[in-house]
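Shown next, in structure tokens, is the structure this report addresses.
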Amino acid sequence: MVNPIYILILSLVIGFLLTIIDKAGRKLSLFFLYGVLSFNVAVMFIWFYQFAFVGRASLMIHTAGFIAPISINLKLGLLEAFVLLLANLAGLMSAMFLFKKLKETHISGLILYLVLIMGVNGLVMTRDLFNMFVFIEILSISTYALISIDENKRSFSAGFKYMIAGGITSTFFLLGIIFIYYFTGNLNLDTVLGNSSMLAMKTGVFSIFLLIVSIFIELKPFPANGWALDVYQAVNSGITSVIAVVNSAAILFVFYKILPLLPDQYLMVFVGAGIVTFLFSNLIGIKQTDPKRLLGYSSIAQMGLVVAAISYTTKLNISQDLVFIMAGGIFINHFLAKAGLFWITGIIKRSEIKDWGILRNNTPLLLLFGVLLFALAGLPPFPGFWAKWEMAKIFVSNNLYVGLAAVLIGSLFEAFYLFRWFGYAIKNERKEESLKPVDFSQLFPVAVFVLITLLTSVWIMIRVYAFDLINFLPVAAVFGMYLLNFLKAKLKAVLAIIVVILYGYSIYPLETALQSLFGIIFVIGSGIMIITTMNRKGKISGFYGFLLMMILSMGNLIIAKSFLSFFLNWEFMTIAAYLLILRGKKGQVPALTFITFSLAGAYLMLAGFGFMPNVLSSNAIINTIGSIEIPLAAMILLLLGFLIKSASFGLHIWIPGAYAEAEDDVTPFFASIFSKTGIFGLLLVAISFIKHSSEFNPFYWLGWLGAISAIVGAFLATFQEDVKKLMAYSSMSQLGYIIASVSLLSHLGWISALYLTLNHFMFKAMIFVAIAGVIHRTGTRQMYKMGGLIKKMPISYITVLIGIIAVSGVPPLSGFGSKWLLYSSMLEKGWYLQAGVFFFASGVSFLYLYRMIHTIFLGQLKYEHQNVKEAPIYFLIPQVIFIMGIMAISMFPNLIIKPLNSIVGNYFASTIMIDGYNVTSSLGHWNGNMVMMVTMGVFIVPLVFLILFNGRTQKVKQFNIVFAAERPESPQTTHFAHNMFSHYYKALGGLTKPRIQNFWNSVSEWSNAIAGLFRQIYTGNGQTYLLHILLYIVVLYIFLGV
Amino acid sequence: MINRIFILLALLGLILMFLPFLKDFDFHDQLGDLSSQYVEGSINDLNSQNVVTSVVVTYRGLDTLGEVTVLFLATAGIGFLLRTKKRSKKSRKSSELLQTASQFLLVLIILTGIYIFLHGHLTPGGGFQGGVLIATAFLLLILADANVEFNHKVLHLVESFSGTFYVLIGFLGLLLLGMNSFLDPTIIPLGSFGKLLSAGAIPVIYSLVGLKVGSELTTILDKMGGE
Amino acid sequence: MIFSLILGFILLIIGLYGMLTQKNLIKIVIGFSIVDTGTHIIIVSIGYLRGKTAPIIDNAVDLANAAKQVVDPIPSALVLTAIVIGLAVTALMLSFIIKLYHKNRSLSISDYQELKW
Amino acid sequence: MISIIIIILGIIMIAAAFYAIHSKSLLSAIISAGVISLLASVVYLLLAAPDVAMTEAAIGSGLTTIIFIFTLRKIKKGGLDD
Amino acid sequence: MSITTKALYVIISVIVATIYGLALNGVVRKIYARVHGRFGPPVWQPFIDIIKTHGNNVAISHGIMYYLGPVFRLAGGLGTYLFIPVIFGSVVFSNFSLAGDLLLVMYFIFFGQLGMALGAGEGGHPYSPIGIARGLAQMTTFEVPFALSVIALAIQYNTLNITTIVAAQQGSILNWTLFTNPLAVVAAMISLLGMNMHSPFSIVLAPQEIPIGPPIEMNSSFLATLQTNRGLFGAAKLVLFMNLYFGGAAHANIFVALLIMILKTFIIYMFSVFVGAAYPRFRPEQSMRFFLKWPTLIGIASILFVAYF
């Protein structure tokens, strides 16, 4: 085994000799530089392997022939090897990234770089306090100098600020060391730790505080971190990534090493400071538009979080594995993602995130960027996700709720600005200029880090959490489809359908009928809907992968065996949905809103799951949840999370944008299938609640919320001009029905909920597919620009007609069944006023439904649509399938009522009687089949009569109408469509004000304003930054309360 | 103005933080364990009169290597920062007398410097102090002739190889005495206490340090003092 | 030596005060070097033992009882290192000032705050 | 005895420090800083740390001051009267 | 019961209701005329109208949906009527009430309206959708007090079965909902004003000014179908109200029962006629606001009244 001290020896010797070597040419110098850096990586890899997989004990290396504490010693254990492997690798990769620069610059640059990396190695390994100081200085000085690698004023001034800050903090560090020496008579960390009783008194703690706080300040806590931000922004990306990642890793490790010196009771101060840093840095980040400074804020935030995690785990003394997942997860996530992203900023070289549309010219780079960004945002399967999961559990089990809230809010801010950036990269106007071809030397490091990120993620999933293979499918689908990108869209669609079928086959049979019901919706429904997308031309890269990701993760929700697996797939689903929305032409803003709300929901759920016990079961969670009592707090958090997905009132503002701006053939997935995941979630919570009901019943309030969603959704839908927005709000309204009926927690209520779910799934799918066809043909979403299409697109018209009859609940179609069940169950439960609200809502639904069908299909045909044809066959196939579905359950309601009765029978005693086609509740009865027959009868009789007595009708042209005064001028002015319900709008008065929209707008404005306010502290003045540092030390000491 | 108040608050806060330490400060009566071991070890194990030197070169040898590295980095860093394209040669001859005098002094001072680091294990001073003296000698040259052209090649050679040898001596310990003996001075016989040739490799190391520090500081002075 | 210790602290504070109040870059570095000096004095003072001699075992010191007669060598050793490091940092800071001055022709720190927020 | 010397030196040093900070002339400020270092080396000597004293005298008061002056020289004109 | 018998009963029931409904329209026109000091058309004028329009030669069609519109409308009227038990205890007039309860009737009312709206929409005349937009909008609002009142009924009688509701009101006049839950009746009666679309809520057809409203493009047989429906559908609504609030029509003798029905429904109808004669027409938004204010509050009060007192 290679003694790790050789890293120091070799680096120094080569460093000393480089000036001479360089005389023989830069190539030789570079050869030596890369040689040594690779040597470092190799050594650390071997040791890491030894510790992690062979199980070697950690290594102690003493110097000068004496044993510590007499001499300085170095330690190399698993953690050291892990950190150093990463750090050296990042060092090597950054050097590679800087290849061009290093080739041209002064030889000193190479020396500084080499010795910098050596310093990192020394710093991580040393166990001597003063030696740490020396290595920190080595690190700092080489960094200071390297800052000037690009000779511009900004980097010089940033460097100077950095030096002032660094100089003073290391002075404090030195003072801390000497005070500790004064008390313990020793400088060896292990000896000092052994004699920590000597430091127990006030001034002893003060000494430790000085030591730790100066390292902490090197980790850039808010607000004593202005200097670091300037450095991140100004300095060459290659060097910045070294500073942000390699240096930070080393300093962080020092923090980790010396933290045990501080008595446990003081550790919370650092937890708090770390979390405050995380929260505020991310908050301020939302105002930032310079990508490097943005990453700077994110870096600082992440380091704050790691500090908090380390301090907290040190305090709690919890198991090593958890520490590794939690602190290590955040760390490695930050490490890999941040380095990679900084490199990418160096490749793109655009100092405004708005200009990042240029990234689209380079697909591989875009993909790498995406992976890193998603990793940084803490989404699965990347390590940050698992870390936050464990963190939530630990914080909750120790009642650190404020901390958890701050972390989650901070994460949300972070996700917001990262995804905004991503949105710009994907969607913003592409400039004429094209991206220069990227050097392999610059792309390679990013690729390597992305690969490591992925491998780490897979490793965690397999080794730590032992996930079933099925949980990998959503991600695997994305990569699989990426590899098959060369195929034509139709082929990919067929492939996707095959995958969905195979997937469905593999999870079949499901344990319970409830699962099967959702299986039908999520899997079979999706399979049918994919047919619609076959109409696409070309390759449409990056579509089927995400679509499959969404479908498979939804399927996985049903069979998830643990909360973690459930949440994992929930997040997968969200990511896929986000990307699909982003694909839409104007998808940037809606996608951002969607992901922000979704992640807010996800974080609420994360907190909620924190309260839950670990479930080890071989059954799906939906089946075992009944035996688990969910604490009230968790229940509310989870419900909120699910309500966001179900677009409940107050949390609905993402829905119109997301539905409207997603591509037309994708919206049906969202409206009819994706929206049901929230309902599935609600059921999950509700099943536990009915078995362990508590005094406070959140579902009562949920019922009201559902009612309000229903009525508000209906109002909003009525006043839309955009057909997709109209249907989006209609979804909100319909989901309100479902939410309320789930909340009834009664037999009839749940039958009604499931019936509504299935019904909504079908009619929303067919309407949206038909609408997609119409939009495809007419090229507009504005309803008033259409009209009279019934003659051109009769099948689509019939679909929409049947759809709206099913929505409105007019007998004889299945919609009436849902209404009948809903009102019966509400009245039975005693929810009278709620039922009244639903009556109102269902009345209002006529308004928007009529508006939709009339303005599109009836009335006057526009000239420009004279040659419109029926929608392509791919749109019609799913429509016909769903029409058949609706007709079947309308004619024979037993097909669905009976299974639902037995599903719900598992949770409640039955309160209905089914006799033939007659369903009798405690209040009334309904015979669907008979209604159908009578209706057909009363319909056919007048029809036959009319045909018989009025057979000689004469077809007339468009404008042959009874019109006062003169002949109408054009379809545009004759078609009554625009602002159709203006009188209703007037009548409703105050009810129509967009209060919720305004509320969220002001939330956003306030966040921005607060962020703007806080970032004023970063004046750019080096002295002010120094003052911040000093004040920070004082304030933190006050908080320490010694 | 508010800024002033915050400055005063910060300083006041710092003073208040330090005050308890000063108030409770109590001088130790005797050396701690570690220091005593150092003093005794210096006499018994290392044969070095100057305990500080023993500590600096041996016990905390890694620190010293680091320190040399820091200085080396500063040199490289200043070179990196103040890097320029080829220097324009414009010679301004200063007076003959000053040059002769300074060259004479140069030799004298360098000799003193060498003396200091050679006796680092016996008397106060050592590599650093000696090195600074050497640099001062060259400073004189710079002062005498602002455009003095050092022989950079020699300077670089001295700097590079003194450092390299320093590390190699440490490496020799590793090679000869095992994995815990990086920078072990006992690779060279310890000699007798109080003599010039004692304390094993300490004088050698200190000499190398002296040369290295001297050449590095000279480079710094050259960089910062030159046009 | 308590007085030297206090002196060290006072210099430290004065140095910080200078760094915080002076707008001139060079003055700030001077402040920094005063802070450094103060720190070094503190360190040496902590190693001082009343009435003991320097840790050089020459004829004035009894070989057998050396450990009882000398002041603590460790702080001295540390300060040696710290001084050299201080020099390195100071020199580097000054180089930065030179570069800044070349770029912007100003020594006032207020002229270097275009990076902010 | 030592205490008194240290107190006297200390007072001078503090005065020099204030002068260094508030002096209008950068050169005087630099020299005062050098004086502080020089006096500090005397303090070290009194504190029985001759090695440190030598170093401080050579590096702190000598080299550092010279580097300051070199910097000043490089900057030459402008900014001096600030 | 055989299907033939049932069909026969249904035909009888429908014919009776249609004739009654049309006659009622004629009577009302007569009354209006007399109030205005005119002689007015004969009471059988609606029948003449229907036959006349039916015989009209000009029958133009704008498309299939246009063709189906009146069919839907009449089917809606027929269906609504057929799901209501007309005479309590009568087999002939029990119609298809076994197929569903009050909720079915309430939702079937929409069937015809929706179908007509669609048919009128295809007519391509801008006035049709204007009328429909107004009508639908007004409907959403007057349904609210009516729905609340029905909910109050459901609470009160603990059923949604119309026959059961009528049964619960038998015995004494004091058992009528009118007296047991007057608030609900008030709310419902105000809704009825909207449903019948007389002044002040006559915003859909707006007969006084330009010919506006859904049927504007309808002619000949189409118009005749619509007029037939107007009679039948009006009768159905009145019968429903009678059943829910005024004790229904029950008597051992079927003809007496029919007479009771005619009397009660006539009085109910007269109520809206008189209100219509007394108040001028609202603007659309005024009308909608009106329903959402007091009637709704009364409806809520009726629910609270039965649920909690």
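Read from first to last, the chains carry the letters A, B, C, D and E; within each, the first residue is number 1.
In this section, a residue touches a chain if its C-beta (ideal position, glycine included) is under 8 Å from a C-beta of that chain, and two chains touch if they have at least 3 such contacts.
Note that the structure is predicted; figures quoted are calculated from it, not measured.
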Between chain B and chain D, the fewest steps along chains that touch one another: 1
Labels of chains that are neighbours to chain B and to chain E: A
Centre-most chain, if every chain is reduced to its averaged C-alpha atoms: A
By count of C-beta pairs in contact, the leading pair of chains: A-E
Separation of mean Cα positions, chain E and chain D [Å, integer]: 105
Centre-of-Cα separation between chain C and chain B, whole angstrom: 16
Euclidean distance of C-alpha centroids - chain C vs chain D, Å: 11
CA centroid of chain A to CA centroid of chain D, Å: 58
Chain B: positions in contact with at least two other chains: 7, 10-11, 14, 28, 32, 34-35, 38, 50, 52, 60, 63, 66-67, 70, 73-74, 77-78, 81, 124, 128, 220, 224
For chain E, residues contacting two or more additional chains: none
Interface hub residues of chain D, defined as touching at least two other chains: 49-51, 55, 59, 63, 67, 70-71, 74
Chains grouped in pairs wherever the two touch, ordered by label: A-B, A-C, A-E, B-C, B-D, C-D
Interface residues, chain B side, partner chain A - complex: 3, 6-7, 9-11, 13-14, 17, 20-21, 24, 28, 32-35, 37-38, 41, 58-63, 65-67, 69-70, 72-74, 76-81, 83, 156-157, 159-161, 163-164, 167-168, 170-171, 173-174, 177, 179-186
Complex interface listing, chain A residues touching chain E: 788, 790-791, 797, 801, 805, 808-811, 816, 819-820, 823-824, 827, 830, 832-833, 835-836, 839-840, 843-844, 846-847, 850-851, 853-854, 858-860, 918, 922-927, 930-931, 934-935, 938-939, 941-943, 945-946, 949-950, 952-956, 958-964, 968, 974-977, 980-981, 983-984, 986-989
Complex contacts: residues of chain A adjacent to chain C: 130, 134, 137, 140-141, 144-145, 148, 151-154, 156-161, 163-164, 167-168, 171, 174-175, 177-179, 181-182, 187, 226, 229-230, 233-234, 284, 287-288, 1015-1016, 1018-1023, 1026-1027, 1030
Parts of chain A lying in touch with chain B, wherever the complex brings them together: 3, 5, 8-9, 12-13, 15-17, 19-20, 61-67, 69-72, 105-106, 108-109, 111-112, 115, 118-119, 122, 126, 128, 130-131, 134-135, 137-138, 141-142, 144-146, 148-149, 179, 182, 185-187, 201-203, 206-207, 1024, 1027, 1030-1031, 1033-1035, 1037-1038
Residues of chain B that touch chain C when the two form their complex: 4, 7, 10-11, 14-15, 18, 22, 25, 27-32, 34-36, 38-40, 42-43, 49-52, 54-56, 60, 63-64, 66-67, 70-71, 73-74, 77-78, 81-82, 122-124, 128, 194, 213, 220, 223-224
